[in-house]
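What follows is subunit A paired twice: with subunit B in the first complex and subunit C in the second.
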Partner chain A sequence: MRYDLKKELKSAFDVPAPTRKEQFLNQLDYPKASRIDFIKSQLGYIRKRVWILSFILFIGTLLGLYFSEVPTSFVWVVSSVLPFISLVSISELVRSSTYNMEELEMSCKYNLLEVTLIRLGILGLTNLVVLIGIMLLFMGKTDFGLIRLGLYLLTPYLLNCYGTLFVINRLRSRETIYICSGVTVLVSILNTMLRTSTNEIYTERYGLFWVISFIMLAALSAKEIVKMIKKMGELQWNSSLTA
Partner chain B sequence: MELIVDRLTKQFKNKIAVDRVSLRLKEGVYGLLGANGSGKTTLMRMICGVLKPTSGEVKFNGIDVNEEEFRDSLGYLPQEFGYYPEFTAFDFLLYMASLKGLTRQRAKDKAMELLELVSLTDVAKNKIKTFSGGMKQRLGIAQSMLNNPKILVLDEPTAGLDPNERIRFRNLISRLGKNKIVLLSTHIVSDVEHIASTILLMKDGQIMHEGPLDKIIGAIEGKVFECSVYSKTVDYLIANYPIVNIREEPDKTFLRLIAEKPPYETAVAVPAVLEDLYLYYFNKEVSRGE
Partner chain C sequence: MSINLQDLYDKIYKYCYFKVRNKETAEDLTQETFLKYFNQKSYIDRGKPLAYLSTIAKNLCIDFYRKNNRNEYLNVEISVNDDVSKFESNFAIKQAVAELPIELQELLLLRFANGLSINEIANIMKFSRFSVYRK
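Moving on to the complex of A and B:
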């Protein structure tokens, strides 16, 4: 059709007002985000303090080892600080219940369980990277092998994981995170006391103690994580749910 | 489009909160009316899949409540909800949109559109902690509509809204009911009366009555009376009949009450309204509560 004829037609007729535009638009299916997009988006919702604390710990260890005259004794310092990394990670996992977002998140397409698993994955990976990084920094600076170093650094960390998860699985309130903070401080103090009261704690004499503690705490932490995931499926009972 | 609730039951220890509730909901606005503790919230939570039923099932177009596809069709406003303290209203909607599976660009567009709809555009970049109760409630309503849900479940949506906001919200819900299943719970009778095409009256975990307003009211039609009486008769009537309204007049007391037959010689039968029915069913609870 000729352009000027089209123009003539347009000017000759009034365009009718759209009818049922809203209903029509509502019927359209918009493209949805993929699961990968969703995981990426969750990365942005992990609070900055997780990254900052991990970074500070890594840099602190690096500087500590550089300036420390006895790197072996610096192991207990780092192992006493590591529980705080797990506390920050745990606080991300219980953020939904701390701020009463559970119910909203449970009702979404990607529900609380998926959000928690993704957060768990991201935070677990971050902690792992930090721990490996720290262990690599220690390698060659101490007489400990990689396994012994891992046991000394990770056992207090696992004790804190178990302690805080134990609390979370049994107490669900906005105050839970404060109790978890108390647990972390206690673990950190215990670790320091163990080192100061028992000079030989990092010797082979106590090897079995570290191995058994590590295995037990790893198993108990895993059990508590499974328990926590199972509980994510629905709101936990309390008197307000009968309303 | 059909939401089927089949013999849904929830028992908390020795209390049955919801007792074998069965419903078939199609497009329209359904008003769930009941006193506090009647089981409304528990029923809604089970319909949204956030609470597992003791028995029974919920399906939307054959899709089970536990499936992701069901949640993809759902918009939910809980009675109480929180927010992450660092969030602005816009951040909150973007976060909820990400959980609802919207793309980033779509989330931004939809968030702005809904903030406009609930009149929060001016404060979109403000932290939620600075918001009033009514503003938070409007934000909650906005998040429930982010994914253009086919099922919209609103638990006490008008709580905290001022009269103007309530009217605006009622109008919005009425419009939405044309192509969605909207289930809203409230104990504010006038909200339900104005917007619900079907009323569900809930008591002790069971649906006592279900139907349009005129059918529901039919249960007490001819049983609502008004009279003006002297004080000694007032005490007798209060003690023996469910009272809907009392108003002191210069020399007498005006009463609106419900009775099987005229409770007093000067009493006249008047057309029933939903509030009469509500008070008729929940009168004992109200009296006990007082």
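Moving on to the complex of A and C:
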């Protein structure tokens, strides 16, 4: 059917404007979405590759530990792969700027800051579950305790978190994600080089190095997260001024 | 729940007005439709609110005619259109639509004014999909 005819047909059913609409809709007590509904809805927006990569890493570690003859040396393999998990999670946070949607998302019912924080929480929780799962798998196969394993696995992960957040907070363009990918590759290579150049890196001799690195990187990552939240708050304020 | 209530209200009001041809009654029926819709929880999260609201509105209109024992329209109100030239250009279409059987008019309203799918119209009007296509 012709478009103009459809349009004419639509106008053939024109009616006098309702008079009590606004009053009724303002008083209407309809069920509003709860926080839980909102969090559930955000789960659906996280891309499948985040879940798939986390699952592959977990299964890969399981198989690697099963077939590897020296499980201790497998620690550095996993710790070199872990930054990629954080990269995939981080890529979820820069989707708005990658697709130039920030301004639009700022004006939505739930603004970008809320959405980002919820997604950050979900992704952080997922990564934590995967990490704990991997650590438990390692604990059964190696002599390392939970804390030592946590230090070995989480330090490169935190270094990548800090590096990518540092980039995100200073560069806001469509190319940010490529720079973040470069940072992740660099962290992974650095971790591998550290292991190959220093054979005793996973011994108690380097314990202090791991502890200090972990604390410093955790603090720096937290600082960058706070900075990101503040920056989004400023962006929201700017958007409200131009609305 | 992120539905455009304003838009839904307009569409249901248009449908009720088509059924009863009285502004006040159409608005009463529209509001009753919304109250009934939000009074139950079984359907709200299933999507397609317009189709469900249209079904409620249709049933309420039938009840309204039953209660008042009427088979004819109430005092027909003629919509006032400010734009005279637009009114003239639409006149032929309006006249053609007015000459159609009431069932077909309802189908056109649901399809072209309210944008419902063939399936949804078939469910509301209790026709088969094939009948809707044929009409």
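Heads up, the rule we're going with is that the second predicted complex is superposed on the first by the 202 of 243 C-alpha atoms of A that agree within 3 Å, B and C clash if a C-alpha of one lies under 4 Å from a C-alpha of the other, contacts with A are read in each partner's own complex, and residues count from 1 in each chain.
Operating definition for what follows: a contact is a pair of C-beta atoms (placed from the backbone, for glycine too) under 8 Å apart; a residue touches a chain by one contact, two chains touch by 3 or more.
Owing to the predicted nature of the structure, the values given are computational and were not obtained by experimental measurement.
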Touched subunit A residues, subunit B compared with subunit C: B
Please indicate which partner A:31 is in contact with in the superposed arrangement: first for subunit B, second for subunit C, both, or neither. both
In subunit A, both subunit B and subunit C touch residues 30-33, 109
Subunit B partner, complex, touching residues on subunit A are 23, 26-27, 30-33, 37-38, 41-42, 45, 47, 95, 99-101, 103-111, 115, 233-235, 237, 241-243
Write out the stretch or stretches of subunit B touching subunit A in their complex. 12, 15, 17, 36-37, 39-42, 45, 48-52, 68, 71-72, 74, 76, 78-86, 95-96, 98-104, 106, 143, 147-148, 178-179
Given the complex with subunit A, which residues does subunit C contribute to the contact? 1-2, 5-6, 9-10, 13-14, 17-18, 23, 26-27, 30-31, 34-35, 38, 41, 44, 77, 79-81, 86, 89-90, 93-94, 97, 108-109, 112-113
Residue ranges of subunit A in contact with subunit C within the complex: 5-6, 8-16, 18-21, 24-25, 28-33, 109
